[in-house]
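In what comes next, chain A is part of two complexes: it sits with chain B in the first one and with chain C in the second one.
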Partner chain A sequence: MSTRRIDIDVPTLARVEGEGALELTVEGGRLTRVHLRIFEPPRLFEKFLEGHAPDEVVDMVARICGICPVAYQVSAARAFEGLFDITLPHGLARLRRIMYCGEWIQSHALHIHLLAAPDFYGVADATELARVQPEVVKRGLRLQALGNRLIALFGGRSVHPVGMRVGGFHRLPEPADCARLAAELRAALPEADDLVRWAAALPFPERRQDFPCLALDDPEGYPITGIECVTSDGKRFAVEDFEAHVKEFQVPHSTAFHAHLDGRPYLVGPLARLNLHHARLPEPVQALIDETGLALPSANPYHSIVARAVEIRHALSEAARLLEEHLLDPPRRAYEDGMPCAGTGFGASEAPRGLLWHRYDTNPHGLVLRARIIPPTAQNQERMEDDLRQSLTEFGLDQPAEALRAHAEQVVRNYDPCISCATHFLDLRIERR
Partner chain B sequence: MERRRLRIAVHKFASCDGCQLAFLNAGETLLALAEAHDFVHFPELGPVDPEAEADVAFVEGSVCTEEERERIQAIRARSACLVTLGACATAGGLQALRNLADGEAWLRDIYPRREYLDALATATPVAEHVHVDLALWGCPVDGGQVLEVLAQLALGLRPAPGADKLCLECKRAGHPCTLVTQGRPCLGPVTRGGCGALCPRHGRDCYGCFGPAEHPNTDALGVRLEGLGLIDAAIARRFLFINSAAPEFRRAGLRWRGEAP
Partner chain C sequence: MSARLIGIGSPFGADRLGWWAVERLAPRLPPGVEPLCLDRPGPALLIHLEGLDRACLIDAARGEKRPGHLYRLHPEDLTTAPAAPSTHALGLAEALALGAQLRLLPPRLLVLAVETGMEDTPERPLERAWPALQAAVTDFFQRP
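Now for the complex of A and B:
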């Protein structure tokens, strides 16, 4: 048995969102330390949200993440809508869903092409990849741009869009813009089909790992919002009861809290959604998955990149279909009014990286007394470290340090960690240990 | 004029990563930039070389940790031109709200093990630490403006983005005034333009994400907002929002909070 000690430090993880590092120690042929270090400085959102009005909160929480602001806005708006007894008419809920599809498309396209794909071609970054595989990269950039335009249709810009408010939107989109974009989304479907085929054909290592998946259950279909969570081990619980099942705890090497689902590490995100809900995808998307030979549910974390491609394809046709429906039957008003009140509101949605859960306690004027937000990357941290332990051992701990480092980085990227998000929400009621 | 090949660095401090998307959302322009220039440090894109010398260093985020306080000095020392990218770097961002409270108490409230953290009690703009050659406002920055500034720098020009009020941009676009016609507490009269008057275009009041314009009459606007029926605390929150560390907004906000600026 080897007695060498290898320390691998990746002081700045490249091609992830936010600031993270990786520390691994191999001793006597065993991995003795696996730390995904998150040192993104805390921004203390949960404190400065206190005292703010619901519509201010919708604009503030967008700033947690430049890549998934819509998810934050939707989760927050839903929490206040539930609390103030606002039921979104079908037409407004449909517009929310379309905007959310835009975020999936842009965030997933960015991740696949700019962050993840270079690993599979042995190049340093996407600009280098564009020299050897220009069509792959350009296709991705076109899809990313389409997602951004879909967000901007509702919010003026794709980063921190300004269109959403509690009860709906500040304004309804222009019908001519909706029609034009619907046609462009339809026209992009063949490219998205190709993207799925391309992603499924990437050279993935064989991996079988055991992890429970968690996602929302959405009455509208493949999950974007919902009031119930489901898990791959058969549990079902209300979004309001999330805290009874998910426990967060602080570790020394991360400014983001770690989380367990009923005492175990678990997965949220595209692969979790696909594993739990693939049967709810429209028939053409299911046929495309069958064509690629991807067997679901999958226990290989590398399949998350295929799951992202599938979700892009689905979001394109879903958004096109809903835009067409919207044009035939638009809502009468841009938003519904509600009466602010004291209480506790819960809201959840499926951010590109997974389930994003919000809770707000309010005073009689609806101002925030206390906020709690559990972002997807914080939930996935334990799973990432687990994956690293298994993957690196299978990869071979006797491999050169440089190869181990590269492999470890790729394993982490499968989760598309958004470290900016992960760091900003922490609980006030943590058990002190 | 000859275009120079620039060594470009993009550094991240405490932020949401949204301003860097000015590059990552640029589509094929990003590929063209990578051909015309060298990204010497830009972790989210790929290149990691924090020690690299740069002709232009874009800095996103505000200074929130001891490590960041040291790092910004080092970046300044090896960058010919330092550009702050967006509200956090230019004016502290939303997280600068902690400067108006007991930031240390907030940290202890949230983290059971405060000692695990390298975190300062304040979140401060880059210019409080080092000389800034060019400040770009906005939460987020406007991608078009970032690319334009880069193009000018490559030509050896000195970009000087305007500081006109949002109202001018809004009037030019022909949007109905949300303050006058709807009685909404619009910050357009004191906010810097550059976003394309997005909020009025969406039928809502500007919330000041591009920071103060030049010579903003925050006193008069505050009184106008009071006339609309806003209570003092709500007026304070208008000013103490995304750019609370910008002196003009900070002064106005604290006044409505009944505190000495």
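Now for the complex of A and C:
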């Protein structure tokens, strides 16, 4: 066994959303330190929200992330709707689901094609990938644009959309725009089928890791929203009881909280959703998964990329179907009113990167007294560190520092961490002693 | 000829300059030139450039010149970040570099960037740049 100590320092992790760092120490042939270091100062968003009215909060939280604003808006709106006793009619809930599909499509398309794919072609970034695999990058751009247009259909714009409000939307979309987009979504399905086949054929390392998965249980099908959470070890609990099961805690090397689910690191996100709910996907999507040979549930974190591709395929057909239903039976009003009151509201939704949970305490006028937001990247941090320990050990700790660094970054990238949400991210230091 | 004048920006602050400029220039554009305003498009910009004969982009810039200075730039003048950025930070230079690699850029592409300095709003820089900006846009679309 080597007695060398090797320190590997990645000062800025590339191709993740935001900035962070990774510090590894290999000592006596063992990984003795794995620190995913999130150093961006806390953004204090929860404090900014205090004193604000619910509809202001819905617009403000969209500013937390440029990639997943819809998830923040939906989780916040659901919290206030639950508190103010607003039940969204089916037609409005359907429109929320369509808009959310747009966010999955654009976020996943960007991650797969611009951030993750370069690893599998041995190139540094998307610009180099465009040189060797232009059609792969073009597919990503086309899908991202389609997702953006779905968001803009309801939100007025795709970046920090403003169309949502507590009780529904500020206005309903134009029928002609819905019909046009539904047709374009259907036309993109063959390309999305190819995307799933392509993603499943990528040369993933063999990995088998033990981790619990957490996702919402959505009565409408494959989860986007819901009032209950389910875990891969058979637990089920209400969104209101999230804090009883998920405990956040500080670690010295990160400005974002870490979290445990009933005392253990855990996974949220596309692979967690697919592992828990693949049987709820429509038959054509399940047939496509079967065709690729992907066995579910999967214990290989690299399959997150396939899960994102599957979710793009599902979101395209789901949004097309729901837009067609909407055209036949549109809601009569753009929103439902509620009565602001004092109390505590809880809302959750499945952001592209995983379960996003909000809690708001309000005064009798409905103004926010306290807010608490638990984003998916913070929940996945400890799982990422566990994965790094196992993956780098299997990869071989005697590998050159540059190879270890590249492998470590790839492992982190599988989680599509959004450090801007968690707070921000990646700078690798590897120490070998 | 298929051509677009594209303002790049966001709804608030000096970054709105590209939108303001396109809104003011739109009534005077030659036939066949479509005005378009895009909100921080990132790589999605390329979808709006694909298949065009020529395109002119107007954006706010923060450099070392006096507010209102007009930079006339071609894609090769723009340098990309040394490390591959996150998609949160994929800016105009990175999007155009990607577009060049994918051969999605129009044969004639001009970037007009107006220095905003530390100004909070676009009015003063745009007023200062206006004669040069208007002339540059007119010349670009009228040139054979």
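Note that the second predicted complex is superposed on the first by the 423 of 433 C-alpha atoms of A that agree within 3 Å, B and C clash if a C-alpha of one lies under 4 Å from a C-alpha of the other, contacts with A are read in each partner's own complex, and residues count from 1 in each chain.
One rule holds in what follows: a contact is a pair of C-beta atoms (placed from the backbone, for glycine too) under 8 Å apart; a residue touches a chain by one contact, two chains touch by 3 or more.
Bear in mind that the values here come from a model prediction, so they are computed numbers and not experimental data.
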_Both complexes share chain A, so when I overlay them there, do chain B and chain C fit or clash?_
clash
*Pick one for A:A130: touches chain B only (first), chain C only (second), both, or neither.*
both
*So, A:A21: does it touch chain B (first), chain C (second), both, or neither?*
neither
*Would you sort A:L202 into first (chain B), second (chain C), both or neither based on which partner it touches?*
neither
*asked:* Under the stated touch criterion, which partner chain does A:D59 make contact with: chain B (first), chain C (second), both, or neither?
replied: first
*Which partner, chain B or chain C, is in contact with more residues of chain A?*
B
_I'd like to know which partner A:L189 touches here: chain B for first, chain C for second, both or neither._
neither
*asked:* Tell me the contact category for A:R157 with respect to chain B and chain C: first, second, both or neither.
replied: both
*Report for A:K138: first if it touches chain B alone, second if chain C alone, otherwise both or neither.*
both
_Colliding region between chain C and chain B, picked from 4-12, 58-66, 166-174 or 238-246 after the shared-chain fit_ = 4-12
_Using the superposition on chain A as set up above, list the residues of chain A that contact both chain B and chain C._
12, 14-19, 66-67, 110, 114-115, 118, 124-128, 130, 137-138, 141-142, 144-145, 148, 157-159, 420
*Report the residues of chain A in contact with chain B in the complex, numbered from low to high.*
12-19, 39-48, 51-53, 56, 59-60, 63-67, 69, 106, 110, 114-115, 118, 124-128, 130, 137-138, 141-142, 144-145, 148, 155-160, 162-163, 165, 169-171, 250-252, 255, 334, 418, 420, 426-428, 430-433
*What does chain C use to touch chain A in their complex?*
10, 39-40, 43-44, 46-47, 80, 83-88, 90, 94, 97-98, 101-104
*Could you please specify the touching residues of chain A with respect to chain C in the complex?*
12, 14-19, 66-67, 110-111, 114-115, 118, 124-128, 130-131, 134, 137-138, 141-142, 144-145, 148, 157-159, 420
*Under the touch definition given earlier, write down the residues of chain B that touch chain A in their complex.*
12-21, 24-25, 27-28, 30-31, 34-35, 39, 43-48, 50, 64-65, 67-68, 93-95, 97-98, 101, 103, 106-107, 109-113, 116-119, 123, 139-140, 195-196, 198-199, 201-204, 207, 209, 233-234, 237, 241-242
